[in-house]
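These are the structures in question, set out in turn.
Across the two complexes that follow, subunit A remains constant while its partner is subunit B and subsequently subunit C.
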Partner chain A sequence: MSETAARPFAGLRAWWTMLSICIEERLAYRGDFILGTAMRFLPIVTQVFLWTAVFGATARGDIAGYSRDDIVAYYLLTMVARAFSSMPGLAGGIARSVRDGSIKKYLVQPVDYVGYLLAARIAHKLVYYLVAALPFAAIFFVCRGFFPPLPDATTVAAFVLSLVLSFLLGFFMEATLGMLGFWFLEVSSVIFAYMLVQYLLSGHMFPIDMLTGIPTGIPGVSLADLVRWLPFEYTAYFPAAVWLGKVRGWALVRALAIEAGWVVAMALCCRLAWRRGTRRYSAFGG
Partner chain B sequence: MRRYLGIFLTFARACLVRDMTFRANFLLECVTSLGWMSMNLAFYLLVFTFTPEIGRGTGWTREPFFAFVATGLIVNSIVQAFFMPSAEELTEMVRSGGLDSVLVQPLDAQFLLSLHRVEYSSLANGLVGVGLLGWAVSRFTAPPPAIAWLLYPLLVACGVAILYALIIMLAAATILLGRNQSLYDFWFYLTNFSRYPAEIYAGPWGGPIRMICTFVIPILLVVNVPARVIAQPFSAGSWTPIGGAVLAAAVMLVVSRLVFQAALAKYRSASS
Partner chain C sequence: MDNSPSAAGDATVIRVDGLAKQYRVFDKREGLAASIRGLFHRESRVVDALRGVDLTVQRGEFVALLGPNGAGKTTFLKLLSGIITPSAGTATVLGHVPWERADAFRRRFALVMGQRNQLWWDLPAAESFRLHREIYRIEPARFTRTRDELVELLDVGGLVNRPVRELSLGERMKLELVAALLHEPEVLFLDEPTIGLDVVAQHTIHRFLRHVRTERHVTVVLTTHYMKDVAALCERLVVITRGSILYDGSLEGIVDRFTSHKIVTLDLDETPDRGRIERFGFPCEIRGPRVTLRIDRDRIADVLPGLLRDEPVRDISVEDVPLEEIVAGLFRGASAAPESGA
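And then the complex of A and B:
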């Protein structure tokens, strides 16, 4: 009886220990980490100049419903979204631990591997936000002129919810991908291909609305429609579009529900891959 | 020098054997690298559906701009094939102490650390770059003069030299920091500035960026100078950036060598 009562707390304590270990690990190489965080803003700079040059050479006031200021704001907001949904090293790390055999320590310990990875990732992100908050705030302050007036509280709440969901979606998609390592010895090319697709179709490269006029060969279906059937847009485009007021009312509620649906679906995929994968796994390495 | 060439060829041969042993992986690497490139080309095609030119009056209309992109592909594929794979391994070597075994070899450490791996799959992009350049140039209203074709390979070599020098300096930073996992990221973000024509960096913010990226870290000379020579009208004024690129390449090579030597002098082994 007492054992079962103590179990939830034991679980929590294990989580807390994992979290604090990961935070310490992240802070061990601070110089490298801070450098990496600051560097992430550089691509935005080139994108801003590119689009400024594009708008400078054309007579149009907007492209696919975005003014130049909107595009700058969009790219900055996708940076926030990617800060939540990107999972550097997650898939590769899982595949590597399968390949070199280090995953077996999680198999013999009473620790849930996916739970451990999630705790580690939350720690990773918390430290990242701690370090990145200042440069993010500074850049948003400098660029405040590009943003439309602050949206209402409901939109802000929807934006925050979309970010949290994008974190979970990014995590489960990448974790599932990493578990392909149970079936294939080398998955780095698959991961790279995923990153490409993700970069292109998430809206990280350009707003998905720009694909609206491009036909697909299917009557009445544009390339933008096709992309919207996939989960990628929720990891960059969607949170930015929410903040900029591109998705409102019932369309917003519907989109959030679809995003939550994708999270559940990917979480199930991840669990299934783990269960099937560990069943066929035979340990390598000493 | 001959000895070093012989050793480099041995490395190149060994890497070719390795790549050909895992042929499926090699092909997959080529495909993914081509995928990344096609994605960028698709993005530029998309951009040109909204505008006739990148920057008003800059001359970077569709075909010249694709010649610019092709030049970038050629320069970057050479760097990615010959220098980047070795530099990427350095991070782990510094952390684990594997660097020690390199330092005790009777060979130049910079040579060994920057040239011991060749990644042939990266050359796929360069080949596409050559094809793209041919396509773009064939559609120019006025073909480039002979002098432009003569200077082009030299300026591409200068671009490669500038990027190589930057890699060496980043490698030096790795040795000093102890770990530099951001090396590749930093490289990616820095070279990002060289991916577009220098003319886009205009205005109160763009002006200083253009100055810094031309004179301090001459990243804007890497693709811009060879691409301008081939894709924009050649005039007497073209010689200034050409001289600048050659000078920058020479200075960067010397400075990076000095920085690397200084970093090695500060290296403390991590192994027991």
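And then the complex of A and C:
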């Protein structure tokens, strides 16, 4: 249509406006946000103490190849990864908007719901980084002794790329999960189960290397192998492993490609869920 | 500018043929035992929310859908705006099948449904307006002109920069209307726009909608419970009960169609004798010297001269049965059977 031709980047502009409005909305609740962010730093401190205690109790100098310093560094890095990949409230919010009918707005207006959710989430994250940057910097400064020397520029670039991809992966996984709300009235137990699996298998609780050798019942396949076939590790373990230099060279390129593949796959799942879900919604009521 | 199927020329904006919508609802029996049984087997039944509706609306018409709760009004509006798909039948709005949800269609209509619809709760309405400018791709100069005009008409200039959550129900509704009309839709669907509002706000919204219709030539379909809305706004009334159209026509037509009598109110010199007054018509009410009679419309010309001659009449008025009463009668007749969900 001619109106589109007159403003070639109209779609992008709309998305940009959406992003800026979402940021404003997040900032409307800055007080709550700052407090929430501060609270999220508490477990970091307790985890550092926990691992220190674990290593104090064992005579071994390392666990699964990780020294105490390694594990604290690893843990702090997974916190960075999770600052990108975790999506608090995303799935639940989608399911709620289906239940209370506010999803209708996105059926009536010429907007793409997934695009809107992405804008809202980027806004959410940007405001979070704004608030969390200082405490994060402080913790890393205090804990700098645990870290190996700074990696080279290529590794840092790969780390940043893995973080961006982990954001997208986390977003599309949780958005897909939230769209189960089209089929089930209540998805909070599904979300809970997902969080649990995610916590165990993403490397958030402990490095995935520690699962090597744990049998799964399938001959020749350990739990670590199984986890390698799933997308979860890219949301916590993988970025940390990149920074710590555990994945290098071609293996790194391959892993990033696989992560990108997961992003594409989950984005397609999300689209499909939206299409099927809205069709079901339209057929059954609304 | 516009090359969609129903551009200039065609005056028919909405065409609906045999539109039907069935819902499957799950029955939940009372009690724990029934709940446990329900885990394994849920009993469902099909509810007809809309049963084969036909309707044609021309450009610029203002149509009121009137009906009791659960009559199917909202289902109908949801179908026309593409939120839900029908079980049977067809519909086109501006030449598009609504539930295909093409962007080219979605840029040309608006739906206002409930209070928390388009506006962002925590932000000033001005921000929601700005977002609409982008998603509806409204030319900036045009946007500013339309926005200022709408804001002035509804007198909400002082409200656009306050967070929406701080506003009253009526204020929010007015701003919802502004948001809905910024992209100059050709068709506007309103679901109970005056529900819960005070008289002043209702009045403002009525005046505004009349303006929208006459100045902007917007085709409006609204659902309502209130005869006040209908009387103030619409020439065309569609009464829906139990998923079917019971009446489709003018406001005056409904009086002719569903009532056979007029209401005659008399002020007499003294309290009359019931037996005497019954000769002229059915006395609905005798309160002192004031008498209300129901008289067959066909007989009224014959009866009145005798009445004026024989009775000590000081004052007389002859009126149609109030619209509310007619419609309430229609609803009552229809609600004798169980309601269907909407």
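In the analysis below, the second predicted complex is superposed on the first by the 275 of 286 C-alpha atoms of A that agree within 3 Å, B and C clash if a C-alpha of one lies under 4 Å from a C-alpha of the other, contacts with A are read in each partner's own complex, and residues count from 1 in each chain.
One rule holds in what follows: contacts are C-beta pairs under 8 Å (C-beta built on N, C-alpha and C of every residue); 3 or more make two chains touch, one makes a residue touch a chain.
On a predicted model such as this, the values are computed, not experimentally measured, just so you know.
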Problem - Which of subunit B and subunit C A:V45 touches, first, second, both or neither - result: first
Exercise for the section: Could you tell me if A:F192 is touching subunit B, subunit C, both of them or neither one (first, second, both, neither)? Expected result: first
Practice task
Please indicate which partner A:A14 is in contact with in the superposed arrangement: first for subunit B, second for subunit C, both, or neither.
Solution key: second
Practice task
Mind working out whether A:F206 is in touch with subunit B, subunit C, both or neither, as first, second, both or neither?
Solution key: first
Practice task
Scan A:K105 for contacts with subunit B and subunit C and give back first, second, both or neither.
Solution key: second
Problem - Which superposed partner A:L230 touches (first subunit B, second subunit C, both, neither) - result: neither
Exercise for the section: Could you tell me if A:R60 is touching subunit B, subunit C, both of them or neither one (first, second, both, neither)? Expected result: first
Handout entry: subunit B/subunit C common contact set on subunit A
Key = 29
Completion exercise
Per the touch rule, the subunit A residues reaching subunit B in their complex are 29, 31-33, 35-36, 39-40, 42-43, 45-46, 49-50, 52-58, 60, 63, 186, 189, 192-193, 196, 199-200, 205-206, 210-211
Fill in the blank from the handout: Listed in rising order, the residues of subunit C that touch subunit A in the complex are 1-3, 23-24, 78, 81-85, 99, 101, 103-104, 106-107, 110-111, 113, 116-118, 120, 122-123, 127-128, 130-131, 133-137, 139, 163
Fill in the blank from the handout: So, in the complex, the side of subunit B touching subunit A is made of residues 25, 28-29, 31-32, 35-36, 39, 42-43, 46-47, 50-56, 58, 177-182, 185-186, 189-190, 192-193, 195-196, 199-203, 206, 209
Fill in the blank from the handout: The answer for subunit A against subunit C in the complex is residues 1-4, 6-7, 10, 13-14, 16-18, 21, 24-25, 28-29, 102, 104-105, 107-111, 279, 281-286
